[in-house]
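The structures come next, written out as structure tokens.
Look at the two complexes coming up: chain A is in both, with chain B in one and chain C in the other.
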Partner chain A sequence: MSGTWMTTRAWLLMLPLLMVMVAVIGWPLVDTVGLSFTDAKLVGTAGNFVGIDNYTKMLSSSNFSRTLVTTTWFAVASVAIEMVIGVLAALLLNQEFRGRTFLRALMILPWALPTVVNATLWRLIYNPEYGALNGALTQLHLIDAYRSWLGEPGTALAALIIADCWKNFPLVALIALAALQAVPRDITAASLVDGAGPFARFRFVILPYLAGPLMVALVLRTIEAFKVFDIIWVMTRGGPANSTRTLSILVYQEAFSFQRAGSGASLALIVTLLVTVLALAYAALVKKTAGSAT
Partner chain B sequence: MSALEIRDISKNYGAIETLKGIDIALESGEFLVLLGSSGCGKSTLLNIIAGLAEATSGEVLIGGRSVLGVHPKNRDIAMVFQSYALYPNLTVHRNIGFGLEMRKVPVAERDKAVRDAAKLLQIEPLLDRKPGQLSGGQRQRVAIGRALVRKPQVFLFDEPLSNLDAKLRLEMRTELKRLHQMLQTTVVYVTHDQIEAMTLATRIAVMRDGRIEQLGTPEEIYNYPATLYVAGFVGAPSMNMLQAVVEDGRLAIAGSDVSLPLPAGFRNAAPNGAPVIVGIRPEALRLATGTATEFPLPVEIDVVELTGPELVTTARIGNQRLTACLPPRARVAKGEPCAFTFDEDALRLFDPATGKAFETAR
Partner chain C sequence: MERKSAAFTVFIYACAALLAVVILAPIAWLFVMSISPAADLAAKPLRWWPQAADFSRYQQLLSTAENSAGAAFTASLRNSLEVAGMATVAALLLAIPAGWAVSRTPSIGWSLSMVIATYMLPPVALAVPLYMGLSYLGLLNNVFGLAVVYLTILAPFTTWLMKSGFDAIPREIEAAAMIDGAGLFQTLRIITLPLAAPVVATSALFAVLLAWDEFFYALLFTSDQRAKTLTVAIADLAGGRVSDYGLIATAGVLAALPPVLIGLVMQRALISGLTSGGVKG
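Take a look at the complex of A and B:
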């Protein structure tokens, strides 16, 4: 009796939120699914039903496959670098030294900056006429002439990855630092007495406590990196020669630049599906890793 | 040559003096217990012996060799921690053999050492498990096993039993005693449990505020506490302490009209008119039945608690309190006057000004 009342009450209390969610997430989602089966333009008529045409066209287009490769490359490279630098930074900041607290606070700064600010900042650094990177590299005699880092297809993606790493490694470092502080002092002491060197200590003492939290960081960062839009839009708009065009940029171009709402919707849904699969795979992994140290 | 020698060790954390000149020398095979309340510096001293902390001044010698600046792994010690400190994702087998693995001991030799230790500790069936799949008592056995396989010169234990429940603690205590009797190794063992100290130790160092208050065998510590602190710390319920004054060869108990004869051994120690504290262990008191005794303590019973093996009786003598551990069938009842008595050699005298015991001619 009271059980059903409790359930009813729970639903009642959640109702307002559910209604908002249906309105802002549920309905647009259903609408997008509907849209993806039509040849609707962004403005004008509702469009005609075209079945799965949009999907087959999109999946077989060379634009899509090229963009998928670019996105994957961006996500894998930036997340890998962020993980390594993040963990190294955390290990350093976990040592005892003067000014440690100050450095810890300082480290968060890039992450705390809005992406647009960060992106603008890096555009200045990469500027082909007066950028700091060009300045530094010429003074070190590593390059002879100023280069347009964001203007050359060969370097633009790498330049973006560096900018993204600079912004996002603090998150990984922060999570890793918190995990490091959970490593029991006694186990560290025991490993010293047992004669474990730095590598054995990292492997057998620290990693078990780091693995779970790092997995969470990995999931968060990969999904975010896979959906990346803002930093690229501000810095290169997907150029030059589409060399930095990621899936989200492609969705935007399709739906808004080319005004093909129907095919844009189908692409957006494909991206959503990809990210969902990623998330589910990771969730399974996290479940396996979590509690490895307990 | 001593197995372990601690010479004038001091340790400061900033302005805080944690250890203030500790001196101990241990013969091979001794079981030293560092006993003291929380924060008195026991773990700090143990960590200094292990090389996990650095002394501000003083010297540690292990096997006659100064270990100043020697890395923990090269000190020929093994340590067991309160939290067990097992490596969470290694099997029991690898946990026990970890020290040997790090020292590149060949696999076959290592395996044999691990199995021998596991057999000794009766954890052979657990060798393939991870620490997370073990009970607290089993984990502690693994931690002890990890120390055993190394066959070090000195074993260091930091409150190894305090995370176990009462019954298991008792079992492991006996187990440790058995191991020590069998292996005859040198042990330094930290605890704040005085029963553990009494049962395990060949010698006890009672610590207080970074100093050693008394260093002696369990019998010495229990029967001849050197200070009021030791007297109060060791023994449960703790020693009765009655304020008294020496008057014409007798001890006049303050706040009452009772006086006791001053035992002969103390005649020269406590001058006439001196205030003293009379210490008598609760277990030394018994009911004075009928016949007159030399040391009668007329009291009025306050509280009677049956613990099972004994009747813990709290009584008043004048305005002071007195606890006695009587046999469970002793005929006492709340509010009733009766008299306790004790043997002459159970009486201790302390100087209230210094807290030190008056020496007897024992």
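Take a look at the complex of A and C:
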């Protein structure tokens, strides 16, 4: 069979997917770009061309810079905690002990729990009047009076980060565990003979095997954390006093709550650009790590 | 082999117990809330175990009596099932031919890379035109419209999974069948697809989990019982003026049950699916 026919046939089989992707992703993206240069409202008139006004307005607003800081803080803190606890949990699960299979199965639970259910669960735990966290901390005499964990700007973001970490560290742990199980036994044994302590062993023997998969997990988790919407919308809607408002929440408010489709679109594209730059920077890093690990 | 002192063993078991508690406590509490009488949940000091288990909320939510909390909940349950089912079938119909094509003809692989790169796009970058488009087509607040939108998430992911699945099936088997005179579609139907059945099943389950979990588009594009999905119904309950926290917890348990069961039954396949991306890059 000739190569050109093979290629044509492959394209024909790709065609349905590509057509649907153009319809539900390509066209909306192009349309968002067009909208971002207009003052269109969500419903009604098409809007007038306003050049780059939306962009300059959005980038110079204090809302944007504050939201960017909140989003970065949420992403960095939650991903860092998830990676550290995830790797520690994987190192534990890689040991031999009774109940290991059971514990590994448990790790599936937070991952499988729908994000909205997770958010609702933690919202109930943090409840200022009846929540389990207040109940436990008062019964342990760690606090005197019930507090509104999600209602105070000082604690709301930290409370959200904890809820996000609880759901997502098991995924990191499972990925790291799969990588750990690929470390050949004789290499760890040889390092023991050579007198490597536990930290040297982790740094020089185990970490090279973990680096590649962990980088991928890091990239995916960071991108997701940067786009975060669901958990924050359900738990705080960006409040109190906008202290937990992330970029996606800000776009939602601009485009759908205030119905300003034009400026909402420009903001959405700024977010897209930030995520893309982040992903490209990471991709370069992944290539470097993959090169040096092997 | 590694030398293991008694202290090290104790340390390992202590860590394992801590990890188990961290994972289980919040989930157990969700269930306890769902079966605790409202008075116990409001008690100070908080009562951690109900004096008498009360399963009436499950009955209440699963009843279909007109205008009850149950009617709204069961409607959203049905909508979630419909949307997840339609979107999953559609995603697989697109993913199987595309995944096979890329697997056997690597020179067109860049087109799949482009499709997968759309993962980086935040849904907010597509939301406004999708809203206007659905509104124009009369598909706002419609399960079919929502299922089409879900293809933005499901189709790239399932295609990528199917492609890795086909990669693992040697093309020599297909070539042998073709030499014996089978046509392309006959070969795919008789030889390749049966071999790929486990991957198709894994992809389908992943797709169902993704659709079941989706919240953002459902929040934007649905407005009442005709199309609202479970995630939106639960967010409504959590954000509304419901005085019985146990009822919210019960809705959470019911919504979590299908994905958690899928997760536990399919552990092995799910973990290899999750990690194939992680390990292979």
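Convention: the second predicted complex is superposed on the first by the 290 of 294 C-alpha atoms of A that agree within 3 Å, B and C clash if a C-alpha of one lies under 4 Å from a C-alpha of the other, contacts with A are read in each partner's own complex, and residues count from 1 in each chain.
Quick note on the criterion: a contact is a pair of C-beta atoms (placed from the backbone, for glycine too) under 8 Å apart; a residue touches a chain by one contact, two chains touch by 3 or more.
As the structure is a computational prediction, the values presented were derived from the model and not from experiment.
Greater residue coverage of chain A by touch, when chain B is weighed against chain C, goes to C. In the superposed pair of complexes, A:195 makes contact with chain B only, with no contact to chain C.
By the document's definition of touching, neither partner reaches A:258: not chain B, not chain C. In the superposed model, A:268 makes contact with chain C only, not with chain B. Looking at the shared chain after the overlay, A:49 reaches neither chain B nor chain C.
Where the contact sets of chain A with chain B and with chain C meet, they give residues 189, 192. Looking at the complex, you find that chain C touches chain A at residues 1-2, 9, 12-13, 15-16, 19-20, 22-24, 26-27, 29-30, 33, 41-42, 44-46, 48, 93-95, 97-98, 100-102, 104-105, 107-108, 111-112, 115, 118-133, 135, 148-149, 151-152, 155-156, 159, 184, 209, 212-213, 215-216, 219-220, 230-231, 234-235, 237-239, 245, 248-249, 251-252, 255-256, 259-260, 262-264, 267, 270-272, 274-275, 277-279, 281. Residue ranges on chain A touching chain C, taken from their complex, read 6-7, 9-11, 13-14, 16-18, 20-21, 24-25, 27-29, 31-32, 35, 42-43, 89, 92, 95, 97, 99-100, 103, 105-117, 119-125, 127, 129-130, 132, 134-136, 138-139, 166, 170-171, 174-175, 178-179, 182, 188-189, 192, 212-213, 216-217, 223, 226-227, 229-230, 233-234, 237, 247-248, 251-252, 255-256, 261, 264-265, 268-269, 271-272, 275-276, 279, 286, 290. Chain B makes touch with chain A in their complex at residues 47, 50-52, 71-73, 77-79, 81-90, 98-99, 102-103, 132, 146.
Contact residues of chain A toward chain B in the complex are 184, 186-187, 189-197, 200, 204-205, 208-209, 291-294.
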